[in-house]
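Right, one structure below, let's go through it.
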Amino acid sequence: MSGRNSTCRRVCLACLIYAVMSYPAWAQTKLDPKLPEYKPAQGVSGNLKSIGSDTMNNEMTLWAEGFLKFYPNVQAEIEGKGSTTGPPALIDGTAHFAPMSRPMKGKEIDDFKKKHGFPPTALPTSIDMLAVYVHKDNPIKRLTMQQVDAIFSRTRKGGFDKAINTWGDLGLGGEWKDKPIALYGRNSASGTYGYFREHALFNGDFRDEVKEQPGSSSVVQGVASDKYAIGYSGIGYKTADVRAVPLAPDSKSEAVPAEADRAYAGEYPLARMLLVYVNRKPGAELDPLRREFVRYLYSKQGQSDVLRCGYLPIGEVIATKALASVGLKR
Amino acid sequence: MNASSLAPVTENTPGGKSGRSRRPRKGNSVLAQGEPSIWGTGGALVVAITMIVGLLVLVLIQGAVTFWPMDLVRIRTVDGKVYLGEVTREETYRPEAEVFTSLPPRERDRAREAVQQAAGVARRRLLRTGNYDLTGFHHQWVSDFQIAEESKPEWGLVVERLTWGNFYGTPTAFLLDGKEVASDPDDIWAQFVNHHDAVAERFSRSVDLNRHGIGALSRKQNAALLARKQAEISYGKSSSEYAVADKQFAEVESACKEEDARIKSEINTLNKENDRFQLRLVTADGQEKILPLADIVRAYPANRLSFGDEVGIYFSRWAEFLTQRPRQANTEGGVLPAIWGTVAMTLLMSLVVVPFGVLAALYLREYAKSGPIISVVRIAINNLAGVPSIVFGVFGMGFFCYLVGKFIDGGPQHIQVAPMPPAWWWLAMLAVVLVGAAAFLVGLIGARDRAKESRFGRYLGRFAVALWLLSLAPVVYVVVHTPYFSGFYEANLPSPTFGTGGVLWASLTLALLTVPVVIVATEESLAAVPNSMREGSYACGASKWQTIRRIVLPRALPGIMTGMILAMARGAGEVAPIMLVGAVKLAPELPVDGVFPYLHPSRSFMHLGFHIYDLGFQSLNSEAARPMVYTTTLLLIGIVALLNVMAVWLRSRLRRRYLVSQF
Amino acid sequence: MTVSHPASAALESRPTPLLPMPQQPANPRLLDHPGSEESRLEKIARGQSAPAHVHAEIAQTDPVLRITSFSLWYGKKQALFDVSLCIPRGKVTALIGPSGCGKSTLLRSVNRLNDLIDTVRVRGEMQLNDDPIYRPSVDVIELRKRMGMVFQKPNPFPMSIYENVVYPLRIDGERDRRALHEVCERSLRGAALWDEVKDRLHESGLALSGGQQQRLCIARAIAGDPEVLLLDEPCSALDPIATSKIEDLLQELKGNYSVLIVTHNMQQAARTSDFTAFMYLGHVIEYGPTGTMFTNPHLRETNDYITGRFG
């Protein structure tokens, strides 16, 4: 199980490296000009249903909106209550697509295989940076991953020597010195929760004090309304009221701000692939509806939708590879 | 004589020292007169009203001002950045010392001094700067001490776009076929006003063509495809039925192809015509951007508006909000699907819950003999009203969607039930029918015997009920295990039709949730029908049912309506359960529309309550979504109020008809 | 005459009138209990039975309703003891007696309204025009259609005046508008209400005044052309003027209808009825023509009651 898990991680890593390759030295987030323009096909209709990640809820909605412009008679239904809700729906056949902000776990893949006899196909669609947000007036300059771990977890597997309870523990002075840190996070159905736990908490456990929010946006709003708060959420949900703290892998390294080029360069520690899972029998053709939706995802329009909701688009190399994984040519 | 001699004595002893001293009467104390209780009860009422009115006023004000157009402010900061945008919010704060170090050295001391003079407090404003496609952010905080220059540019233009959110800039050119036809702001604006309506008209026509024209075509195509697939499942690929269906499909497809090409070319012409018109704008920081007119929903020079213009924009935004579909992951555009979804679901729910609840209450109040079982039932119903709504949601999902719905979709196999062998099934069916018939007969005999006051008749009645119950479970079992049913939507599988959330399941779930409300209200109103009326009716020779139908129900109708109002109010506002059984973030197809069969009970739907939740907790741009939360809340409250007002009006009409009484 | 407590309690608190009072100018024709100085009322209060005294005139009438040794229990409590009465055709018969003596119970037993109460048990028989009332084979609905009943409080139905009156026909499924209208007019005229409401037949019956409402109920009761009309203290909720109107109406109804009326008001019984039965604690004490009952009662107990010495 852990073996398969690490395979997933390797896949994602590979994707990230591809992303780096396709974006040699771009400072600004822009679309890869090599991505194809989407051209509608014939005979696409029916019901398109997506169940899964809440982080990708808006992204899926934008994709669906864009897709529906080409196929107005397609009925699209988007449900996003957390990545955990995706696999059962995909296994059951209630959803055509399962957007997930984390790779499927071994058990989920096993369940899928048990029902269908082959594993689900993961399509990397875009890149998200999980940011650690503080209130806009918070003067904190940087955090190491170990500090983040010591703030959010009670296990401190990252190896920080003591628990961090107040802003003073992070070196802030003045009025901040003895103010306790208010913690905001996601609920456990969310892929963001799982990803943060795996990568920022080093598979440790969250503290009980973390206020679990029902949506990515509400984490940001929680931090915005609480001056002494800290929380984690996708970069797409950033508002003017919060600031994403630059993160350093360890105390000796330079802190990396949550910026696109640093994610593409593979330097930002909490960058992750946003995936869309589909049920495709190896060697079989996708039905026209799903085929066209996948093609739309990897088109200029689809990736521009990614930009519109604040995530980072992928390059043409990954797109081609992903299309190939479901038997499509660009 | 006696009295006159006593009188001076009492007068002489005001302190009451004499034998007949006047005891201070407790009745005169404030406590005894009940003043404090008036204050207490009145105070409680005032607190309650204040809270309700406060909430309403907050929602009303916040929701009502959202669409009012604001002035555009252009700000140049001391470190050389320029912003153009609407001020959405302002606040005061205590800047940290480090804040000043980021300023240029010359300005640093001036800013620090200014803040110190204001006792360390500074004001900052949140500018909505838009232009997300260029800058990567929607909003920007600007503190007063950062400002080097502030102005309200005359030709600052607010452009609401179909995608990417608002754009703020000043117009530099109006382009026709790529050529500049106007460069003076006045001329550009005149050109824009001149052409925009026609462009918008063409755009909506092309959308309509797309949605209705092509939509109808592919519905036709889809139906033929499904028919072919059904034929394949039922008769096999080599059968003649399949050949017929296949031929039909080919005919439909070729017919559609022609029509499709015609419509597409029409759309193409419209779009091509629209593409000729473009607007070039320049942002505050000097970037140029060309916007096609078709991409512009609405544009206005914010600082040149007269009051009348502002009112016009305000109402046109409301109109858009109420009649358009959502855009930009629900943060912009309208909420029409959510309004429809909410209303359709609520009405469907009342359609289910009222007859059901009224019948149950009638039995409980009019027919059932009071006893321990009825008491238990009544307690259970009252407790049902207190069960958390999410529990109903879970039940609805598990039972309606995943069991009943899947059965409707794909028959027994689809819910992992092995159908019985036909012979056994017929045998079981026969047995069930026999038991049912026996129950019916026993009941009939029992009823006749009961009329004869015999105890035997009463026992027979109980036996009949037991038999009915006994046959009920096997009926379900037999129906579920039928070998002759493989679903109404087999051809559509694996995509579910009823086997997932939908407006029907949501209505049924909410009906379950609100049925206690209706039962309790109906029971109360039935109990309030004076017994003398019933007796009067019986004395006229009316049977029980005649009495109920002609006397009791009409008289209780206002009370039943009250129950319905309460149920509707509760049902329309409930979000948690419907999230599980059919409300979704995006469902552009309405559950009720002009396409046969008009009501589509299997469709997922959007719901205003869920929309509020979505805007509040899931929206990408929570700053921009906040006012929309209030506006949507205002709308939801308005719709619930409207539904209630309608029901109250109906009730008062009924009351006038039935309840003008002197007793 | 207002009796707010049960009669038995009244007995205990005011025993004096029950004692033989020799100084009272006794009616020479008053019968004493054979072989006993004890009052019938005392015996009844102790739970013993006492035979009813029925005047000979009754036997000469043609009975529309015959009650034969009828007993009734509410659960364990017996409310009627072996009541036997013959109600003459075309006459007004009044039931009088102190509160709780079972007058209303008896009246409601005639059209089996007491069936609606679960705990009621009955013994004995009644016959309406020689048709049994308490037999298992009797269809209660059909039975009730042969009688009309008016209650203590006016209870018009929540519908128009017209619909109120034709209600008995409506439930029979009568659709013929002419017939309905004819019955409506006849009944309203019969109840002396026609002139007051003929212009607003389609207004709510609940909009009428109390007296009008009660006459509306009488109209409803006679709409079905009943064989016997049962009136349960029809004037107790009305003011004197409305009461006198109803009493006048009763005089007019006499002859066409057989009326059995329960009343608390002795003057009313004396004014309106042809025969009077005096009941006490579930027993009929004396039954005879109203004139005799009020001027020359055969029993001292009746005399005591009608002169207001108890009750």
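All chains are identified by letter, namely A, B and C, in their written order; residue positions are counted from 1 within each chain.
We take it that a residue touches a chain if its C-beta (ideal position, glycine included) is under 8 Å from a C-beta of that chain, and two chains touch if they have at least 3 such contacts.
The structure displayed is predicted, hence computed values, not measured ones.
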{"item": "Maximum centroid distance from subunit C, chain identifier (CA atoms)", "value": "A"}
{"item": "Centre-most chain, if every chain is reduced to its averaged C-alpha atoms", "value": "B"}
{"item": "Rounded Å distance between subunit B and subunit C, as computed from the means of their C-alpha atoms", "value": "60"}
{"item": "Inter-chain centre distance, subunit A versus subunit B - centres from mean C-alpha coordinates, in Å", "value": "30"}
{"item": "Separation of subunit A from subunit C, taking each centre as the mean of its C-alpha atoms, in whole Å", "value": "87"}
{"item": "Subunit B residues touching subunit A - in the complex, by the definition given at the top", "value": "93, 95-96, 98, 126, 132-133, 136-141, 163-164, 207, 210-211, 214-219, 221-222, 253, 257, 260, 327-330, 493-496, 499-501, 579, 584-589, 603-604, 613, 616-623, 625"}
{"item": "For the subunit C and subunit B complex, residues of the former touching the latter", "value": "111, 113, 116, 118, 136-137, 141-149, 151, 153-155, 157-159, 167-168, 170-172, 204, 206-207, 209-210, 213, 217, 220-221, 224, 230"}
{"item": "Contact footprint of subunit B on subunit A as seen in their complex", "value": "29, 42-47, 49, 54, 57-58, 61-62, 64-65, 68-69, 71-73, 75-81, 93-94, 96, 136-137, 139, 174, 213-218, 220-221, 224, 236-241, 307-310"}
{"item": "Parts of subunit B lying in touch with subunit C, wherever the complex brings them together", "value": "369, 451-454, 530, 532-533, 535-543, 546, 550-551, 554-555, 657-663"}
